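Chains here go by letter, A, B, C and D, matching the order in which they are written, and residues are numbered from 1 within each.
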Amino acid sequence: MINKIAHSAGEAVAEIFDGATILISGFGEAGSPIELIHALVDQGTGNLTIVSNNAGSGHVGLAALIENRQVKKIICSFPRTAISVVFPEMYRKGEIELELVPQGTLAERIRAAGAGIPAFYTPTSVNTTLAKGKETKVFNGKTYVLEHALSADFSLVKCHAADKYGNLTYNKTARNFGPVMCMAAKTTIVQAKKILELGQIDPECVITPGIFVKKVVEISDPADESLLVAENRRYPWI
Amino acid sequence: MDLRENIGWPVSEMARKVAMDINDGAYVNLGIGIPEMVAGYIPEGREVIYHTENGLLGMGKVAEKGTEDFELVNAGKKYVTAIPGAAFFHHADSFAMIRGGHIDICVLGAYQVSQEGDLANWSTGDPNDVPAVGGAMDLVAGVKTIYVITQHSTKSGESKIVKECTYPLTGKKVVSRIYTNLAVIDVTENGLYVRELAPDLTFEYLQKHTDAALSQYNAK
Amino acid sequence: MINKIAHSAGEAVAEIFDGATILISGFGEAGSPIELIHALVDQGTGNLTIVSNNAGSGHVGLAALIENRQVKKIICSFPRTAISVVFPEMYRKGEIELELVPQGTLAERIRAAGAGIPAFYTPTSVNTTLAKGKETKVFNGKTYVLEHALSADFSLVKCHAADKYGNLTYNKTARNFGPVMCMAAKTTIVQAKKILELGQIDPECVITPGIFVKKVVEISDPADESLLVAENRRYPWI
Amino acid sequence: MDLRENIGWPVSEMARKVAMDINDGAYVNLGIGIPEMVAGYIPEGREVIYHTENGLLGMGKVAEKGTEDFELVNAGKKYVTAIPGAAFFHHADSFAMIRGGHIDICVLGAYQVSQEGDLANWSTGDPNDVPAVGGAMDLVAGVKTIYVITQHSTKSGESKIVKECTYPLTGKKVVSRIYTNLAVIDVTENGLYVRELAPDLTFEYLQKHTDAALSQYNAK
């Protein structure tokens, strides 16, 4: 019988292996699965390639994972923010790789991976340094660049409500990359603010159908990253 | 000689054999017609979630008379129901599930299956037929495992399991296993292997009524 | 101020011109905007290219539009059904063109048009007659075929609820091609079973955001195509 | 000489001028920083719907102190609100709106704009800077009309309106109009045309402080 509920964040991330590529949802704090990331810090899994829109803030969440030297490469659109300190420092020292991808291309490459589309053409980045070395093609007199699907071994996603089939809803702009990331990984691991009974999520309002989800763990009171950053907290907590 | 239905397993038994090979927790798409029967034979204790490509995951049974909803149909345009825990989505998302390799098993009918696992099930090539493909090519290109359920031979007695398909292909090297009234046959890298024979049939009889070459797993 | 509500189906389709390409939602009866199609029959606009999953049933809806000789070409995945009589007859006589597209490729080509993707690669139809003459490319040892975006001048879509911004929800499997078709046309015209006040549709459950919609007309009691077909009704009603 | 803010229009007036050029019913995306000010100057009677690329159409005002929702932010990660009639969606759908040409107007800041309408606004090319592009390249590639709002010159007095961008490009031939503290300038097929001059400025003064060649609409 189908029951995708895991009992702890640690149990949920247990099968993540060294060298894995991991999609991590979130746009800044909104939608970032901070408890799953911290479980991955606890686990110490290394040599990871992380795909996420940003590169973490302060010394918690994704920034803590990077600071703990578990990440060899980041694929993202905007690694620089006012409160991002860990990534910029390591990047300048050459201690972490960066693949910079325009935000819409990042989202579409992830969706493509989930949808079985190996590559697509886009107008974004044409005539810029980010298109350097990429194939181009003209359609109707306009030039487009070929972009490839971006798949992963795992995705770590934060949602609002889930059920045991893995159906998900999200909260406001915390939805962002969650739905496409759920589609694009071999194994999708989700933290939900609440787990509901089957049928309690209106089938018209399911945003991620359960077929894309392998494990769900309830984290009913997730940490607010911005508060932790404001308090200059560090993970592991000291 | 008509091999349909009077020799070997009845269709219900063929459907039951397919059902036995669907594991607990599988996401399954059943083609229109005979494949739909498979849902009735899933063993107790196994939970299977049905996908219908017109936008529903968690399809339930056919709607009872009087409760039909014109806006809740399956791919065959039959009125169906949705189970608790179902989800509706649009066509691009539905085929993302198919093309993206998220559906575990698809069960389809066939005009012909070749010894390489090529499938022909969408067109007889007859120029008088209006061509219609639906989702068949997407399903065989994207679903992880394709099972075919079919009578072993056509009404006129020709083998449907052939060296090479003469009908237009739906996909090349896509079928994993074939369930007919005479046998269950695996498509492997080394050709077709008979997994199970219908009662009272000999391998020689099966081979005689099959265009493609068959092998036996336990042959010395 | 923004108000996309039209007062009649006739007013909603008035700007559709001869020779237009039109996306029409629906999977069989479910989601087919029958009143908008009938308004187009009334209007007599001709030489149309229609993109729709099927080719109509009986002598109403899309079948009536075809029978009225307004359609020169159909792009669809499954023009043949048990109760489809008009299209097959005209097709056999060579009186209407057909471009046959696998269903998932049809949906993805329409979505691509809406998403600004001019072309994409797909595994569907490789090694079949439907890929004949199309560009192919190998990714990771597997062959894919290049498919192009399918855009249109108009789309006619049926939805469940709408508001004056053009936000839409759908009903069950009547959703099908509606959301991608809304994205892919220059002008999207929608018939809704009910029009609600702004804010009455939960922003988490909006399926088509209003940006994709130009006109909405309330058809509170749409005809049931299958009943009309069973009664052998014809449009225009006689 | 520092041309910033002490000559010509204040930023608020620049924002008001952009706002005046946004038509009723427009779908608008405002870049982070100065462009966000434009929303405050839309004339009464016009209804504009704001898109923020992180998944919201119908963004409202910035959230009042004490009512912030950590999961309701704009592209600049500011806490915002949603209007009645808003819709949330995921990132691929959000950038489908952008790339697919559904957004009418995007207002962005700039490091440089060329006389051909090339825009540089994402990187100074300084190898010490961590590169970050966000949605800028998608916006200029997909939105129907791109307006730039910027000081006419850099802090060190160099013109931002140039013959050719020396900073890395965000997009080529993408800008339609430039709003600076000194002038409103149209980017046309025939080069840059001054649409409006700040009070008490001469065309000659403007040209002197502009690297690119300017034209006047009413020149004989």
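One rule holds for everything that comes next: a contact is a pair of C-beta atoms (placed from the backbone, for glycine too) under 8 Å apart; a residue touches a chain by one contact, two chains touch by 3 or more.
Everything numeric here is computed off the predicted structure, so don't read it as measured data.
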| field | Shared chain contacts [chain A and chain B, defined touch] | value | C
| note | A student comparing A-D to C-D should find more C-beta pairs in contact for A-D
| query | Counting in whole Å, what is the centre-to-centre distance of chain B and chain C, each centre being its mean C-alpha position? | reply | 29
| How many angstrom between the C-alpha centroids of chain C and chain A? | 35
| field | chain B: positions in contact with at least two other chains | value | 82, 88-89, 92, 95, 98-99, 141-142
| request: Could you tell me which residues belong to chain C and also touch two or more other chains? | output: 108, 111, 115-117, 122-123, 170-172, 203-204, 207
| task | By the touch definition up top, name every chain pair that qualifies. | result | A-B, A-C, A-D, B-C, C-D
| request: In the complex, go through chain C and note every residue touching chain B. | output: 27-31, 53, 77-81, 87-88, 91-92, 98, 100-108, 110-111, 122-130, 170-180, 207, 224-226
| note | Residue set of chain D touching chain C in the complex reads 24-25, 27, 45-47, 49, 51, 57-58, 82, 84-89, 92-93, 95-103, 141-142
| Interface residues, chain C side, partner chain D - complex | 1-2, 111, 113-117, 163-165, 167, 183, 197-199, 201, 203-204, 206, 209-212
| note | The residues of chain A that touch chain C in their complex are 108, 112, 115-123, 137, 139-140, 142, 144, 148, 169-172, 202-205, 207
| How about chain B: which of its residues touch chain C in the complex? | 52-56, 69-74, 77, 82, 88-92, 94-95, 98-99, 128-138, 141-142, 168-172
